[in-house]
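The structure under discussion is supplied below as structure tokens; questions concerning it will follow.
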Amino acid sequence: MREITYEQATLEAIQEEFRGNPRTVHLSTDLMAELQQEFGADRIRVTPIAENNFVGAAIGLAGSGFRTVANLRMATFGFVALDQMMNHAAKITYMFGGQAKFPILYRMTVGAGISAAAEHSISPYAMYMNVPGLKIILPATAYDAKGLFKTALRENNPVVSFEHVALGGMKGEVPEHEYFLPFGRASLKREGDDVTVVALAKMVHDALEAAVDLEKEGISLEVIDPRTLVPLDRETILESVKKTGRLIAVDEACQTCGAAAEIIALVAADRGAFGKLKAAPARVCGLDVPIPFSPPMEKYVIPDKAKIIAAVRRIMGLSPRL
Amino acid sequence: MREITYEQATLEAIQEEFRGNPRTVHLSTDLMAELQQEFGADRIRVTPIAENNFVGAAIGLAGSGFRTVANLRMATFGFVALDQMMNHAAKITYMFGGQAKFPILYRMTVGAGISAAAEHSISPYAMYMNVPGLKIILPATAYDAKGLFKTALRENNPVVSFEHVALGGMKGEVPEHEYFLPFGRASLKREGDDVTVVALAKMVHDALEAAVDLEKEGISLEVIDPRTLVPLDRETILESVKKTGRLIAVDEACQTCGAAAEIIALVAADRGAFGKLKAAPARVCGLDVPIPFSPPMEKYVIPDKAKIIAAVRRIMGLSPRL
Amino acid sequence: LTIRRFEERVAKEFYVGNLFGFVHSYIGQEAIAAGICKHLVREDRIVSHHRGHGHCIAKGADMKKMMAEIYGKKTGYCKGKGGSMHIADFSIGMLGADGIVGAGLPIATGAALAAQLEKKGNIAAVFFGDGACQEGEFHEALNLTAIWKLPLLFVCENNQYGVNTRADYALAAKDITRMPQAYYIAGKAIDGNDVAAVYKAAEEAMAMLRKGEGPYFLECRTYRWHKHFLSKALEDLRPKEEIEAWKKKCPLGSFEAKLIGQGILTRSEAASINEKILAQVDEAHKFALASPYPLPQDALENVYSL
Amino acid sequence: LTIRRFEERVAKEFYVGNLFGFVHSYIGQEAIAAGICKHLVREDRIVSHHRGHGHCIAKGADMKKMMAEIYGKKTGYCKGKGGSMHIADFSIGMLGADGIVGAGLPIATGAALAAQLEKKGNIAAVFFGDGACQEGEFHEALNLTAIWKLPLLFVCENNQYGVNTRADYALAAKDITRMPQAYYIAGKAIDGNDVAAVYKAAEEAMAMLRKGEGPYFLECRTYRWHKHFLSKALEDLRPKEEIEAWKKKCPLGSFEAKLIGQGILTRSEAASINEKILAQVDEAHKFALASPYPLPQDALENVYSL
């Protein structure tokens, strides 16, 4: 099958959906050349540097029957726009009793590892999960990115897409034919029997690498990527844990009140899964510090293959290192 | 001992600390009459309605050697200011390598129950817990409010105080003499043997009422109020769960990625505590919906005594209702 | 304008005036909503703020559903989920009242962009207070509508206070129109208590807006009669004399007097109109009271659309 | 001004110019930081933005510690935690560079409020770009400093682009000074590549600021020579001719020529100054290279102050 980058996959999805629907608008602070060439400067707009404004404009467009893609670039810039995002986009469907639909796709990049320091390396999706009303996608591969974008661009609710900076250039197989990936359906990236590893975004790849190494030790990992955080596929996670009896949640974001906390909590609070647990579930997350600039420190605070392997060995009752 | 309201307790703390330190400033969109009379219009300022601006101004003041209390009123208005709060207040100590101290107290009210609808009823402290660099207090009584404010006003870091709207007018015993309550030390509101109930803010009172009722059924609750969410007193919670073998986390805020998720996760992931668990830990939280305006619906989505009792009976293996 | 038109408007005045006597208070500012919305068609979209009842009615909302919403009933516009501060009726282009100061402005830029893209000569209007002009969102909206020439009518209801803070303390520009002027946005300041003046100013604005020549800004100087929100606890720090003085400039009374003076309206006609409206308000009230509350579990619906 | 003064300044020009040849690029805009900071004392505080190296040096920061920070070394200003975009030196009143467009402005209002409360005639200055003027934070800062008469010098470095977006597209006001004027804030637009002009304008501003007469706004028209940030991938959509034309207006070259023309400076003096500075930069560079990296677990420190 043909291989394209994650970034190209998202672009393709937008192009396909914009072709099918003239009442679509793209807003971003930088020029999206390909899109503007194809769809014109009326629909593909370069905004001033005023994120809160265009996040809000997308709501007004939606209330007027238009579908909008608003690209905020880095999640850190999203903080400038959280009034419109949290007080409005997330609540407007509900507050108005479901009178109107709000088809919006908000995009932001997340993730550390590029020496961008504290502000520009944050992964705040858990903050968005804590506010009901938004759907949240977190694609880890080009294939998932295209399929989830296609679905997001038919959604009648505000969807926030968090895209890890390290994945944009990563190539992956993406079929030529049109396809859609449902929200709330996790992707079983690898089957295994000993430990269920629920990994997010870039960590999916680190977990898969860890699985390969651990296989040599005779430890088999089941790697699950929820792909969408809201709605979250509880069932797939619970079933897997009931099978393996062990759970490790891997997330690059800060640990406290993160998505990993939610995953551990929902499993622990589930009587069926709780009864099957053979060991205390574990989290492998970003340390609770702002991301430091200097590489040796940055590497230290974010999870990687080695930390996942250590956690697996620990949960299997082995010493963390070989 | 004399009784004063929660609101008076916070005011007293500010007055005492402002007397002791002339390099203190108070910023809010509304007039704080008593404070302005005592400390003058220079230090007690009424700001324009521009939360992001004065949350940021507090940072500049701190960097210039002043201590600031910035009152944002409702947490929903805090979303307007999250750029300064999350990208700056939370990171500035770290990003600059600890060169300077940032003594700031940010205040916001949280909580539903007053038919204020979705925007004005939100309890977003978990979002703040997910971003390292802020200290977070959540006083549930007048006594705790005064003691925690006194400590907050000597802190050399940004502190965010979340105050439940239902508590402001609540009276409680507050000693005349000066006292300070340490951060990171939970308050054991009630001792018990059967179930550890970790409750937050107004829920502390609901949990205590539930404990009284359940005592009649011969079920004894241990009610713990962490009082400060960052730092969080893990030890007290873990020790209690090791004793009771049962954990229920009660929080009015939305369940997903909330403080309750963190509490369940830290207990479940602790090998010692996990080994002692007699039943799956449970959450009693706000439902994952925006807060509705109409009373019957609002009551339905937020936790109360009855829901806590039902959860306790369930975790004890009894039927939820008597 | 024909007598009929005037009467319609008078009626609208009274609608607004009467209704708000016993709910959230737009009283004192009615001339603005009425004078502006008179120029709007169903396809024109408006965005309101926390003091939004007047805008709903002026845009043609159903008082029954409004009252029901304010009472938290299932028959309300938002099925009881929104309440007084969050009334909307998308079917008539009322995109919603809102509780965050300034937040309606960015949303309105989107509605205006939609109108521009639809190329049907429709426009958007946004109502906001002097307090909203203190938020950065205000300026971002001015800038965007100006560079994209969006058909947005900015209606600043300058009632001179944000809760108890004076606008002339909190706004360095003093004269609010200085700010849109910095962006080359056409506009003017007018007497917001004179419905004829509002109507006329809006008429000029519409000409520009519908031609797609860009945004227009109206500062309507007015005053709110009641406290910031109806409440015993809340204190009103505004000088008594000031409040009394403004009550004398009642937008309804003065207009009615004018119409009667010009012989366009007779006392008895005015009285009967008043009767009619009181009856409608009464009917709305009865409807609200008779309507059922939502079921508790209705709270689980409408978090998302299908 | 005495020759000495001029020479100092020339030196500072070169500092800025040379240093940035091989790190983040303030090149083309050096006259601004130099001309402004020349008027500031240690007790005056400045807030910078993402293009902040020039401001640090002009305020008297230690190039060694700067270079070390940029290299992520433990000996850097921020112990390697901040990097190029987050250099600060609170000991000299440099409150920090920052990566969020517009975010330095509210922080600067606080620094200015501190100066006002200290009543020692000190001031604050904030450096920001044309892009920052598009964020609401900019307007909130203008409004606050104006109503409280805060001693804040707004220094807008209008290099005419935000990344690749033209300021005259993204700012309806075109002439940026129209915006502060709406708030009755004094100010003017000047040639930001003419260090003498910047110096003179800042001198006038200081007089007002130190008297406590309120904020002052300087728009310095300039141009950035390099891409938005140094990068192979990033594309520069600015017309080649435009870039070349501006390089001819080099703030350093023109000023040096002027000084030599006026006989204040000789070619050999200029050359030797240049030598001296190159040596200092070289020394800073050596220091950075020789310095150790932080330990991984150093990452755990400084989340909070004691």
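Order as written gives the chain letters A, B, C and D; numbering starts at 1 within each chain.
Simple rule for what comes next: contacts are C-beta pairs under 8 Å (C-beta built on N, C-alpha and C of every residue); 3 or more make two chains touch, one makes a residue touch a chain.
Being a predicted model, the structure only gives us computed values, none of them experimental.
The greatest centre-to-centre distance from subunit B, using averaged C-alpha positions, is reached by D.
Here the CA centre of subunit A is 29 Å from the CA centre of subunit B. Between subunit A and subunit C, the centres computed from C-alpha atoms are 41 Å apart.
Averaging C-alpha coordinates per chain places the centre of subunit B 37 Å away from that of subunit C. Among the residues of subunit A, those touching two or more other chains are numbered 48, 50, 52-53, 76, 80, 83, 87, 94-95, 117-119, 132-133, 288-290, 292. Contact of a single residue of subunit D with at least two other chains is seen at positions 78, 80-82, 86, 98-100, 134-137, 140, 143, 147, 169-171, 303. Judged by the touch criterion defined above, the protein chains are all mutually in contact, each touching every other. Residues 45, 47, 76-82, 86, 88-91, 95-96, 98-100, 103, 105-115, 117, 124, 136-137, 140-141, 143-144, 147-148, 301-306 of subunit D are the ones touching subunit B in the complex. Interface residues of subunit B, counted against subunit C in their complex, comprise 29-31, 46, 48-50, 52-53, 76-77, 80, 115, 117-120, 287-290, 292-301.
Only residues 134-140, 142-143, 146-147, 169-174, 178-179, 181-185 of subunit D touch subunit C when the two sit together in their complex.
Contacts from subunit D toward subunit A in the complex involve residues 72-73, 78, 80-83, 85-86, 98-102, 131-132, 134-136, 162-165, 169-171, 237, 293-300, 303.
Within the complex, the subunit B residues that touch subunit A are 76, 79-80, 82-83, 85-87, 90-91, 94-95, 117-119, 122, 124, 126-127, 129-133, 230, 232, 253-254, 256-262, 264-265, 268-271, 274-275, 277, 279-283, 288-290, 292.
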